[in-house]
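Input: structures, listed below.
Both of the next two complexes hold subunit A, though its partner changes from subunit B to subunit C.
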Partner chain A sequence: MNFDNETYKITDSKNTGILLIIVGVSVTILSAIGYFSNSAQFFMSYLVAWIFWVSIGLGALFFVMLNHLTGAVWSLVLRRINESVMIALPFMAILFVPLIFGLHDMYHWTHAEDVANDAILSQKTGYLNVPFFLVRSAIYFIAWFLIAYKLYKTSITQDNNPTPDQIKAMRRVSGPGMVVFALTTSFAGFDWLMSLDAHWYSTIFGVYFFSGGLLSSLALLVLIALYLRKKNILNEMITIEHYHDMAKLMFAFTIFWGYMAFSQYFLIWYANSPEETIWYLHRWEGNWKILSMTLVFGHFVIPFIGLMTRTAKRNLVWLTIISIWLIIMHWIDLYWIAMPTYAHHGFHLSWMDLSLLIGIGSVFIGIFWKFTSASAIVPVNDAALTQSIGFSNN
Partner chain B sequence: MTKTSNRIQIAETPLITGNQTFSTITDKVSSITEQKTPRMWYVLFGAASSLALIMFSLIGYLIWEGVGVWGVQIPVGWGWAIVNFVFWVGIGHAGTLISAVLFLFRQKWRTSINRFAEAMTLFAVICALIFPGIHVGRIWVAYFMFPIPNSMGMWPNFRSPLLWDVFAVGTYFSVSLMFWYVGLIPDLASLRDRAKNKIRKIFFGIVSLGWRGGNRQWKHYELAYLLLAGLSTPLVLSVHSVVSTDFATSVIPGWHTTIFPPYFVAGAIFSGFAMVMTLALVARKIYGLEHLITLRHLENMNKIILVTGMMVGYAYSMEFFIAWYSGNAYEKFTFINRAFGQYAWAYWIMISCNVIIPQLFWSKKLRTSIPVMFVASIFVNIGMWFERFVITVTSLANDFLPSSWDYYQPTFVDIGTFMGSFGLFFALFLIFIRFLPLIAMSEVKGVLPQADPLYYGHNGDGKGEKHGK
Partner chain C sequence: MANKKIEGIIAEFKNPAELIRAAEKLRDSEYTKFDCHSPFPIHGMDRAMGEKRSPLGWIVGIVAFLGLGAGVTLEWWTSTIDYPLVISGKPFFSYQAYGPVAFAVMVLSSAFVALAGMLILNKLPKFNHPVFHSDRFGKVTDDAFFVSIEANDPHFDQKKTIEFLKTLGGQHVELLETDEKNE
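Up next, the complex of A and B:
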């Protein structure tokens, strides 16, 4: 991989992005073979894989806005990488299209007859109906596109023609953007995941969905930075101090995720009301129990202990391991949320779970790479860049 | 670096204004505790302590007569006492957030406000603890709240969130006290060194624990401070989460909802910042601290008020939406009843103060206007008290059984005790600002440009030519 030290652009591997997208689309299409043998499994696997990448894109979008709002300097060298992840998010709307054909397989509330005979579901038809569901999904993506596009475009303009207006503009977008983000992400969580079990409800679900995605996007950010470092790109700009700070945030958001997960579980367990506990009971049936415990230890206890010390946060090998681990845990989390509505008595992994995750992932990473290689890999003309590179924790 | 010349800086307003030096800061802050007590202080202290006295008298009356002197009845068994408890505990949270969480986030602007915000935490927790303490009925056996081994083999119910409160708030108070005191030590030593009379010298000599400001002392001190900040940070989340479980572990509609723990924490920080704002504005005016607590500090606080206010608004809307979405008749009723039932007035006060008023702070002009922020901070405090009132009372007054519905009204004892708790709070705060440095001098010095080792030259030894043109 060649890197131009003057412009901070990756000069070769222009085609890698396209290649990844083509591979991803092919794998996704090949996975559709599974549709003919088991359509419900296909759509459920597709949903989990698709939401997994969407949630990571959302995490990146949040992180970019958060940094603009707080005026953070340390993270500036990472901004462009995050922006490239963020801008891949709106493209995921295209991959939503196949899901439209699987609504009947996935969402019980689309079965008109069952809904009519169900005292509770029949009350929800004002919200849970196919046209409104699709309109809402469209609104989410339009909102995310508008925010992400504005932020990305302003940031690229800053590379070529820096004025203080750009920083101000990005901050101005991020404020209301954050409000829109909070609402759209929460309702996306309600619509795409919580309504799989149409009877069940939890007020914290939106924040829970968000917290997992943010944690994974931080882990992905670490992995991307480490990959570039391996290729001797930005290895003098993204220093150990930046990794230390990213690890601190991963630690903090591990706790944040645990806090959300615990709040939801604990209050439902304590009140012990059947209409709520049923959701957890499903996840305690058969070998789902194993995944439930995996989340407790794998998504919280292990990263919590593993990221606690300063030494651990500054050990790049360890950070690689823990970041991959956290990303796997996030996928398990989403799988554990979605899949029990399809596989009631226990999970059995399908080849489609893996192939679609890789397929959609290749598309996502391909788009990311396309944007990464299209412009400088750091915001070269941001005023605080030098300060960001020289930042130290001591 | 390429194109360095092209980069354009956005000028940052300095944290501390008025061209301060190390000694002007010491003089400014220390002199507040050294000068003759201003007459105004006596007036304010007289008023505050009179209010506190009213509270103590009413508590005496309550203990003599029993909790029947309050407005609590059936079905509203939890009235103002619980509302006040949650209100005061919440106020405390801003102090811990400023001193611990913002420290970990390297937010240097915290230095001018952390000291009195932490003191405020302690006083708010003291006020909070009074209410459940006197709510137990037989106050002479209040020690039963603690798991003390006894010959009757009686233990508190460990599964009860009320017991967790005892532990959570107790831990919170002791850790906050420790954190506050550790932070005070270098400043206490400054007061000792400046002391003109023997009593002051001996007193501050003892409480400053032999601080000499040596290199090694600072090293240990800073490590201890970091560790205490790390320990206090989970407390910001845990205390009000536990308080929220007092409600949320039940099966009462409007109380039992999974978003309660983070929602309570956001609300606590929101109300606490509003209280810090009110106190900061008054203190900076009276003692002329405009150069130390600058507009930039106030603006940042207003931004946090805006953010946490939006979080609280988010929680309100999620609750409302999910109540409808649940399809549960009781949930639906509770929320419609809150907005349009017999306590609708309280609900709309809450919405106006907590959700609508903070929206003013989107405008830079308004969030840097002292009168606006002063009024807004008071409204936020009113709104947050009403939030706890709405939660506690509406769900109880209209419960599952319409035949038992009732309208809860406080008595003069409820009102007097609550007003009196403000008296206690302000009296303690006045004592604090009279005798102890209300701004962390050593920390503020650390954010001055002079604290940068390169300020006086590029050797980092503090010698050589003065840097900068």
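Up next, the complex of A and C:
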């Protein structure tokens, strides 16, 4: 990989992005073979894989806005990488299209007859009906596209023609953008994941969905930075101090995820009302119990202790391991949320779970790479860039 | 009669950059018992002075786990041994319910230890200090930057240290003396 130190552009990987997208689309299409043998399994695997990458894109969108709102300087060297992940999010709307044909396979509330005979679901038809569901999904993606596009475009303009107004403009977008983001992400979680089990409801679910996505997005950011470092790119700009701060945030959002997961579980356990506890009961059945325990320890206890000390946060080998670990845990988390509605008595991994995760992931990373190689990989003309490079924790 | 006892030396510096440079030089000359005083925190000062990391984090961390254990023990003892009470049909030992209280005891004990540990490690409260014998030192809360070196530093030598501080750019170098009452 060639890197131009004058313009901060990667010069010879123009086709890698396209290649990844082609590979990803091919793998996804090949996975559709599974549709003919087991359509429900295909759509459920697709949903989990798709939401996994969407949630990572959402995490990046949040992180970019957060840094604009707080006026953070330390993270400036990472901004462009994040922006490239963020701008891949609206493209995931295209990959939503196959899911439209699987609504009947995935969502019980789309079965008109069952709903008519169901006292609870028949009350919910005003919200849970197919046209409104699709309209809402479209609204989410339009909102995310508008915010991400405006932020990305302003940031790229700043590279070529910096004026003090650009940073102001990005901050102005981020304020209302954050409010829109909170509402859309929450409802996206309710619609795409929580409504799989339409009897069940949890008001904190949207935040829970968001926290896992943000955590994985931070882990992916660390991995991308470490990958560039391995290729001797940006290793004087993204210093150990920046990794230390990213690790601090991963630590914080590990706790945040644990807090959300526990809050949701705790209130349901305490109130002990059957329509709520059934959701956890399903996840305590058969080998789902193993995944439940894996989440408690793997998604919370291990990264919590593993990222606690300063030494751990500044050890790049350890950060690589723990980042990969957190990303795997996030996938297990989503699988554990979605799949029990399809496989009641225990999980059995399908080849489609893996192939679709890789397929959609390859498209996502391909789009990311396309944007990364199209511009400088740091905001070269931001006034605070030098300050960000020299940032130190003490 | 009162004898003067030398407690240390204080020197004034023009700006934070000079203060940092002086601290680095003192650190490199292996002075250990010196301190820097400024009206505001200066980034990079800990490293310039060669300060070790405070052990407070570890102390608080260990106490946090002890606090967590204490919280769980309290809840286990009250709800299973001392006063068992059936609450909405749940088992006496319901670890889920212990979460919030155990967490709160953990936070409370760590907060207390963090505060007390900070005071003890900083040798606070302290009612007087030799630097207050310098009349100029009052400016430290306004616009002046000082280095003070204690007389019990192994490298302390009245003449040499004064000269050294002057070469570093120190102004108004003063001896800090206290009155020692003789019988």
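Convention: the second predicted complex is superposed on the first by the 394 of 394 C-alpha atoms of A that agree within 3 Å, B and C clash if a C-alpha of one lies under 4 Å from a C-alpha of the other, contacts with A are read in each partner's own complex, and residues count from 1 in each chain.
Everything that follows uses one rule, which is that a residue touches a chain if its C-beta (ideal position, glycine included) is under 8 Å from a C-beta of that chain, and two chains touch if they have at least 3 such contacts.
As the structure is a computational prediction, the values presented were derived from the model and not from experiment.
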Side-by-side fit of subunit B and subunit C on subunit A, or clash: clash
Subunit B versus subunit C as contact partner of A:E275, first or second or both or neither: first
Which superposed partner A:T311 touches (first subunit B, second subunit C, both, neither): neither
First (subunit B), second (subunit C), both or neither touched by A:I120: first
Which of subunit B and subunit C A:S392 touches, first, second, both or neither: second
Subunit A residues touched by each partner, larger count belonging to subunit B or subunit C: B
Single subunit B stretch clashing with subunit C - from 310-318, 382-390 or 454-462: 454-462
Subunit A positions touched by subunit B in one structure and by subunit C in the second: 266, 270
Subunit A contact footprint on subunit B (complex, rising order): 1-4, 6-10, 234, 237, 241, 245, 248-251, 256-262, 310, 314-315, 318-319, 322, 325-328, 362
Residues on subunit A engaged by subunit B in the complex (per definition of touch): 6-8, 119-121, 123-124, 127, 162-164, 167-168, 175, 179, 182-183, 186, 190, 199, 201-207, 255, 259-260, 263-264, 266-268, 270-271, 273, 275, 380-386
For the subunit A and subunit C complex, residues of the former touching the latter: 262, 265-266, 269-270, 272, 308, 310, 392, 394
Of subunit C, residues touching subunit A in the complex: 43-44, 46-47, 53, 57, 61, 88-90, 96-97, 99-100
